């Protein structure tokens, strides 16, 4: 894995597989999230600020923050999986470190450990405003690889 | 707390305060979630199935499951707080135990420990279909009480 | 599983397998921990108070609390496993709810969900003093089942 | 905090305060753990391999791994606290990434976010054997600052 994560490029097939899966996540489209970066073992997902993703004080809701963090980690794991496999989230834990404010937020999922069955990812979410980029949430996620059902 | 949680009713003022705060959570309305039960130290939030809340296999997205779990826990904590205070999620951890399927899902937030500064809640999410109710996610959440800014 | 956990008795073979494994955990003996209850999907481990298990204020160290909680959950999972399998902790999360004081503490591991590969347990730790039993820690744990190496 | 963590040295008073507190943790001495590095926002604790800290397969027990990780994070937070304050672990989550083997293991606690009330730390544990250093556990911890009781 070390060698693959040093590459900048996940390969066109992997990237296509991920973007196709992402496009089928109704929640991501409904929130307005989009994939902004795909590399081996790392995926970024951005979410613009708008009233539909807020909590009661007008900040990004922890549920929105978590949703893009969970997807970023899941797809980061998926970049290292062979074809005909699927990824499922087993569990994750996230600390909300600061009010989630900004023009948009960006979740970064990074594979810490890629095993045959289980993968562990680091989850980070940043708030971005003008030139500033601030860590607003940090987490850790466990994922499981399963074989795709035969078509 | 033990005595208060044995009550069935959170009191009209507490319930009004919670419903008003919930109505200001843009994300909850955007997802289609609604509060279905408020009691001292316990809040339920339901989310109907529809394409806007799914992941790539058509199940409820872990982000949607988590979002209503986080809000249910936050409001459960809030039922035990005095006026002029606010609740913020410090962190939570959630295990996705089974595919999140059903006509709707329901999150149940329950206060485990209510302290002066920190509150710890149990988070459960059930998938409901016809007469069946199945545990699909289980978690634990830490919240902090902060004073509201003066008006 | 529901039926098995309603039984009071894990069966003599399962209980022997667990007590034998526990006896090989050098840390448990070194801390002074002992298994106090084995049932299908549930194991209790007790740890008496003594200076060797404290933190800087004389309470039980979170590491001691966690160690018996982790073992209790692991063996709770193991009660439901077939022969020639092993259990490994994937991860756990624990909230320290109150100062860990008492004549002894007792960890209770309970299986929430038993799958083919992964098992999820609830972890509870109580402080016991005279007739009082107080919840001092609460957690959640993910475990994986692996086949034993051939002898 | 950024400036302080760039320093190499926590200051003699802070280091003395931490070593004195550590010396009062009965569990750390009983396990054979020692502090190996103190810097602002970062503390290392090492634990040599011996039968008293093992699980049933002879690896380091997750409870021992967690115990030094918890202490490393707690003292990392404490390096940034003013005098006459104490630190308590609110909760932590840890993934056991690989069998905990080696001549010794070393926990590294690093402050991610230092707030007035709450501090969040990253926890890493490495297995060391000869010249190799392998990440065997990774976690995240929340701590609270409390005022010391008047003497």
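Every chain is named by a letter (A, B, C and D) in the order it is written, and numbering of its residues begins at 1.
One rule holds for everything that comes next: a contact is a pair of C-beta atoms (placed from the backbone, for glycine too) under 8 Å apart; a residue touches a chain by one contact, two chains touch by 3 or more.
The structure displayed is predicted, hence computed values, not measured ones.
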Each chain counted as touching subunit B and subunit D at once: A, C
Shared interface partners, meaning chains that touch subunit A and subunit D: B, C
Pair exhibiting more inter-chain C-beta contacts, C-D or A-C: C-D
Subunit B-subunit C separation of Cα centroids, rounded to whole Å: 29
Separation of mean Cα positions, subunit D and subunit C [Å, integer]: 23
Separation of subunit A from subunit C, taking each centre as the mean of its C-alpha atoms, in whole Å: 33
Residues of subunit B whose C-beta touches two or more other chains: 90-91, 93, 95, 120, 140, 142
For the subunit C and subunit D complex, residues of the former touching the latter: 21-22, 24-31, 50-57, 61-64, 66-68, 70-71, 86, 88-96
Residue ranges of subunit A touching subunit C (in the complex, touch as defined): 90-91, 93, 117-118, 120, 140, 142, 144
Touching residues on subunit C, where the partner in the complex is subunit B: 93, 95, 97-98, 112-113, 120, 122, 135, 138-140, 142
